[in-house]
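There's a structure below that I have some questions on.
For reference, chains read A, B, C and D in written order, and residue numbers begin at 1 within each chain.
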Amino acid sequence: MSASRPLPRWADIVLLPAINLFMAFLVSGLVVLMIGENPLEAITVIIYGAFGYGDGFGYTLYYATNFIFTGLAVAVAAHAGLFNIGGDGQAYVAGLGAIVVALALDQTHWLIAMPLAVLAAGAVGGFWAFVPGWLQAKRGSHVVITTIMFNFIAAALMVYMVNRVLKPATTMAPESETIDIGGRVPQLRQFFSFFGYSPVNLSIVIAVLALIGVYILVWHTKFGYAMRVLGKNPTASRYAGISNSRMIMITMTISGALAGMVAINEVMGVQNRLVLDYVAGAGFVGIAVALMGRNHPVGIALAALLFGALYQGGQELQFVIPAVTREMIVVIQALVILFTGAMEGLFRPALERSFMLFTPEQKAEAIAVSSAKTEG
Amino acid sequence: MDFAIMLSVLDATLRLSTPLLLACLAGLYSERAGVFDIGLEGKMLFAAFGAAAVAAVTGSMWLGLLAGISVSVTTALLQGVAAISLKGNQLIAGVAINMLAAGLTTFLGQTWFHQGGRTPPLGEGGRFPQITLPFADELAGVPIIGPIYAELISGHYILVYIAFLAVPITAFVLYRTRFGLRLRAVGENPKAVDTAGISVVALRYQAVLITGVLCGFAGAYFSIAQGSGFGNNMTAGKGFIALAALIFAKWKPVPAMFTCLLFGFLDALQIRLQNFELPVIGVVPVQAIQALPYVLTVVLLAGFIGKAVGPKAGGVPYTKER
Amino acid sequence: MNPQRPETAAASPPPSGWAIELEKINKRFGAVHANKDIDLAVQRGTIHGIVGENGAGKSTLMSILYGFYTADSGVIRVNGVEHAITDSRHALALGIGMVHQHFMLVDNFSVLENIVLGAEDSGFLAPSLARGRTELKRLAAEYNLDVDPDALIEDISVGQQQRVEILKALYRGAETLILDEPTGVLTPKEADDLFRVLRTLREQGKTVILITHKLREIMAITDSVSVMRQGQMVATVKTAETSPEALAELMVGRHVLLRVEKGPSNPGKTMLEVQNLVVADDMGIVRVKNVSFSVRAGEIVGIAGVSGNGQSELLESISGMRDQRRGDVLLSGNPLSLKGDDGAARARTAGLAHVPEDRLRMGLVTSFQEWENAILGYQNSPDYGAGPFLDIGAAKRKAAEHIETFDVRPADINLKTALFSGGNQQKIVLAREMDRNPDVLVVGQPTRGVDIGAIEFIHNQIIKMRDAGKAILLVSVELDEIRSLADRILVMFDGEIVGEADPATATEGELGLMMAGIGKDHAAAPASKNGQEISS
Amino acid sequence: DPAVIYDLGGKFDKSFNEAAYNGAEAWKAETGGNYLDLELQNDAQREQALRRFAGQGANPIVMAGFSWAAALDAVAPEFPDTNFVVIDTVVEQPNVQSIMFDEHTGSFLVGALAAMQSGSGKVGFIGGMDVPLIHRFYCGYAYGARAVNPEIGLTENYTGTTPAAWNDPVTAGELAKAQIDSGVDVIFAAAGGSGMGVLQAAKDAGKYSIGVDSNQNHLQPGSVLTSMLKRVDTAVHTAFLEAGDDATFKPGRIDLGLADGGVDYAVDDNNAALITDEMKAKVEELKAGVIAGTVEVHDYYTDNACPL
């Protein structure tokens, strides 16, 4: 037991997650079996639906775009030791920034509207996270509670704004006016017909830039260094002359601004208007994405893609196998989180043991240990 | 506000704070043992479903309650395996449980009852009645005390009384028993517990089991007391509010009760303030009133509570070197 | 005595013989062979010392005996009977108790609760607490171990906490008591008290195993001593038949100078000045009360005192980490602003370097790689990248340089800092703080838990800094260290500087009295008996 | 094959979407034909679902819910040969039929019944999500109550401001209890799935409730005074029968009201005992008046206000 060695790196980051993912699908397969459908067919449909054709892949990417933003939001805060549960609310209110700019500038050109909307959405989302950050830094209020509370407050605020302020008198549905073409983010399909009618849009470029930006920020800037010191050891960061309170406020603001980018994708890229509850829980998926991606941009990109694929593949499943309900999709997603996130250690010991038998010197050690055990 | 309305608000406060209180105490046990639990919501939802499903089929509220508790305990065990034995991330375990509950309850409900995930409405016997305490009717006429006893104290579901009874019991267990001493210790310094020759893992499992039982009560309250039957996602985020209450109360049972009462009160008040007209401003937007409990929580937290420092070893799986 | 103890315990041990025998104990941690074929036998009713460099395997061996680790192979005999000790409960049942290097106490519990934890009589606490209280009173009388049973652990001194650990073991009926570096955190007075307790234990027939880095403690109190080196047992000798020098050589494998060699100081202009400083702690309690002193270039000023008398707050205030209530800290004549929570950065800019008291809590981020810690506090320096960017190459080169000059082992800049031994961690901090050629160096507890080889090195580095004309403020609870390094000694008691002494003339007794708050104005009392007892 | 796409509430919401489902099922039972259906998970799937079904050749495609306007506006021109039917909102495209219900007039009738039934002189309204559509329900209800008793006390509450409000029986139940505590004894629940909580609370307190959309009289027999019917089921059924064929398909806006039975109040065995002949006579008189245009019911949509 004592002599088990850490797994080789590739096994740790590729093999183990693959086994866990396989387990998740195996258990999901049982659920599919329960309703009398063929699990193999189901998985084929999911994979085909998510990656097999342009439209489907486009949808996968569109969902992944949201999850990258919310995942990064959680991750950035996590590096500074802060648990931002408020990504949902931050993304939601950021819609105000996006819609105001988009509607104001929709007679110009997206090259003007989009950058300004990014700033506006970032500012509003950032502000919505800054306040909990400020309360934590100055008043010691636990950021976990305040961000949860701010999710609820955001929901109330947005309903008010949409219904009483943004909704034109002529529309029935609670939604803002529609953005004209000049205020919309171009769709990828305008450049690659491959993507069919899917809503994936240039926001994904922002997402990729955000991934790279966060990587540089966290590991290649002095600010990121300070952030990580704070996250790992707040006493040491004070010792190092880092202003913990300022770091908390700035980090939360960055985190909120990242979450706010969901508004660009949704409001300006897909819906072309502000609708109620357009975030649709992406903020919470972001928590799972960040945790599964180990708070690293590469991991987040992969996890976001996985969840995007599950969302889109799940939708495909509903089309192809009508017996599959949307709740089953949620169950499959939950199982993926459970096996690849929470129970990732399930197969580690077994894997470690089998790896020990691979190289001769480790083999000798393994034998020595097991014989020692029998002696003792 | 006149006396009758006040009674009505306080009466609703008790009803609304009960599930919060049960969930909050549930969370208290595992978090005091060093296991963070954001899966309260999921366990309650599972329990609500299990309770309603069994109560609907058997027509017995007691079997329903038992089922709710068993389902919740099983879920707690699954979470325990992930968070304690497999040393997985406790937060992810909670997130996974919540999602699993959201999906699986509706899915199973639909598969079994074909009512869109709902369970059939419960008849007599399947749902907890409101208990009239002795002499409630006789005393009702007595001024002040009468109505307070008859309307506020009497006439609740038995689970309400259980919830409030659980507070002194929890306080007693935590501060006056061997188990409580060890529980508090393992959340602060598991290594100290280990070197004292007590199994950290066993203790944490026990704590998580109690969490499961209490979440079972809370879930059952939703579906077979307050409601009559299970509805999709009927816990509606109460698990998170309970968690906030737990932090607010600094992980202590009696403050937890007062916090839950406060949250319940704000909720009850919110419901009655929807058309409230302020002198100058006029009718307050309903959204503002609905946001009130949350805003107030933030304000109170910032103004009065200050830093909440949880059990030191919370969130960290215990690894024993061998 | 203790109903929790099963029958397996040595209820009536044989009158003489071995309390503990270890044979061919082996333990590996991955590639590290921490214990190699270790043999050790400890006579009942004696105090047995174990010495060795950092990482020699001492703690591992004792953890095996206490059932915290399981040996890969080997035999353990207790009172001549072989046992496979599976866990701590088992070890306790065999009458083995251990006081760990890092205390295993629950900070927000009372002393009584900590003692009773795990040895409760019944499901309800009240009877256990009542019995604990009486038993505690008895043990306190019998072994001279006074503590307030109702005090919270976080409120009592480290020395008191250690008593609680010992009481915990005795309460459980320990016949053999293992102490892992018990004096590392104690003041001389507290150490004296501890040794008195240990002697009492020996008189009562108990067996004590003592791990320490301080050879004079070995010489003063043990009956026999074992030396470990790189996982092996290299010698076991009667204490009476050896000397500190011989032990040191056995430990390190080379000759070690146990004295600090330094020339006279050559003070220049005042670099650090503290004026009427008043500082409060996190709870708002005033811990530093109107302190004034100054440190000049080229001198080492030592602050002696029992820990918890305001030294920590003083250090934190001088280094910019803690806001002052009143008064000033002047660096090269300029007042240091402590407003906000980034005063430490301003202090560094003003030429101050700070080696913190607690390297793990403050001075290092243990989950970082070594190179990342090599720039902690200096992360904003242009040396480590222009503008907002961090030049990792430059940081790594600097880290490699530190490792080279300070002989940090293993010499691996990419290793996680937690995996370095205490001594090497301390070197990492020192290298970082000394490297910037600061005008003022503030050092807290530089050699806590560090082996003698490393102590020698660290002391020499500090002297070198002084000789290079730096102003050095040294805060230590080790009187020996203060006396051998400082050019002037200030004694701190209850938040105030209660006296100044010349290290050349002041005796340990005089200093000890001042540290206890007696003879506030002038230390004139004769050397106390306690002081002499352990001076070698 | 025809297709129906439910809104986010899900097909078994015991209310609006479920009514659409029932219409489709009725068509299936009647004709033996097959239909496609789909539940949405999020807003982004609207266009995807429309294209998917249209691409598969489904005709007609029926959508339930007021949130379809934008998606349908975008997709309808892409499939000129497919007929679309949307309920509760208006989309002006040559191949789209928009079905609107006069919720205000139906609510007017149940409001009148409520006022007649009330012994306390106070009636209540509990809406689901606080949106204009539900205000329209309320306004009709209030006018109806005032029509029979100008002194009637009215209390208006909403379970919430997010889509979760459609599915929050606990809050709805508490609102009902609060209204009952303040003296209200008849409550109209226009709250989708949340209405269950209102019906339950009224039953527990021995008061009366009014159901919505489908006939909910059977849910708490003897306590549900009546239900405001909004015949989404009939609309879907009719659409399935007629809209698939261009010969019978009628694009443009269609308003269904009292005259054609699109909205109504429900009387069946479960509540026959509650509705006295006198009440029935009065409400039928009002109904005739509304149809004839002699009784005016304010439509919230006309000015986004409910001047009482």
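A few notes on this one:
Operating definition for what follows: contacts are C-beta pairs under 8 Å (C-beta built on N, C-alpha and C of every residue); 3 or more make two chains touch, one makes a residue touch a chain.
Just so it is clear, the structure is predicted and the values come from calculations on it, not from any experiment.
Listing every chain that touches chain B and chain C alike gives A.
Pairs A-B and A-D differ in how many C-beta pairs touch across them, and the larger number is found at A-B.
Per-chain CA centroids place chain A at a distance of 29 Å from chain B. In whole angstrom, the spacing between the mean C-alpha positions of chain B and chain D is 35. The geometric centre of chain A is 45 Å away from that of chain C, both derived from CA atoms. The residues of chain C that reach two or more other chains are 29, 69-70, listed in rising order.
Shown for chain A are the residues that touch two or more other chains, namely 1-2, 156, 159-160, 325, 329.
Shown for chain B are the residues that touch two or more other chains, namely 110, 117, 287, 290, 321-322. Touching chain pairs in this entry, ordered by label, are A-B, A-C, A-D, B-C, B-D. Those residues of chain C whose C-beta lies close enough to touch chain A in the complex are 26-30, 69-74, 84, 319-321, 340-348, 354, 356, 361-368, 372, 375-377, 379-380, 384-385, 388-390, 392. Residue ranges on chain A touching chain C, taken from their complex, read 1-3, 5-6, 216, 219-226, 228-229, 232-233, 235-236, 238-246, 365, 368-369, 372-373, 375-376. Of all residues in chain A, those touching chain B in their complex are 1-2, 31, 34-35, 83, 135, 139-142, 144-146, 148-150, 152-153, 156-157, 159-160, 164, 284, 287-288, 291-292, 325, 327-335, 337-338, 341-346. Chain B contributes residues 79, 81-83, 86-89, 91-93, 95-100, 102-104, 106-107, 110-111, 117, 237, 240-241, 243-244, 247-248, 285, 287-288, 290-291, 294-295, 297-298, 301-303, 305-308, 321-322 to its touches with chain A in the complex. The touching residues of chain C, when paired with chain B in their complex, are 29, 66, 68-70, 87-92, 98, 100, 104-109, 113-114, 116-120, 122-126, 128, 168.
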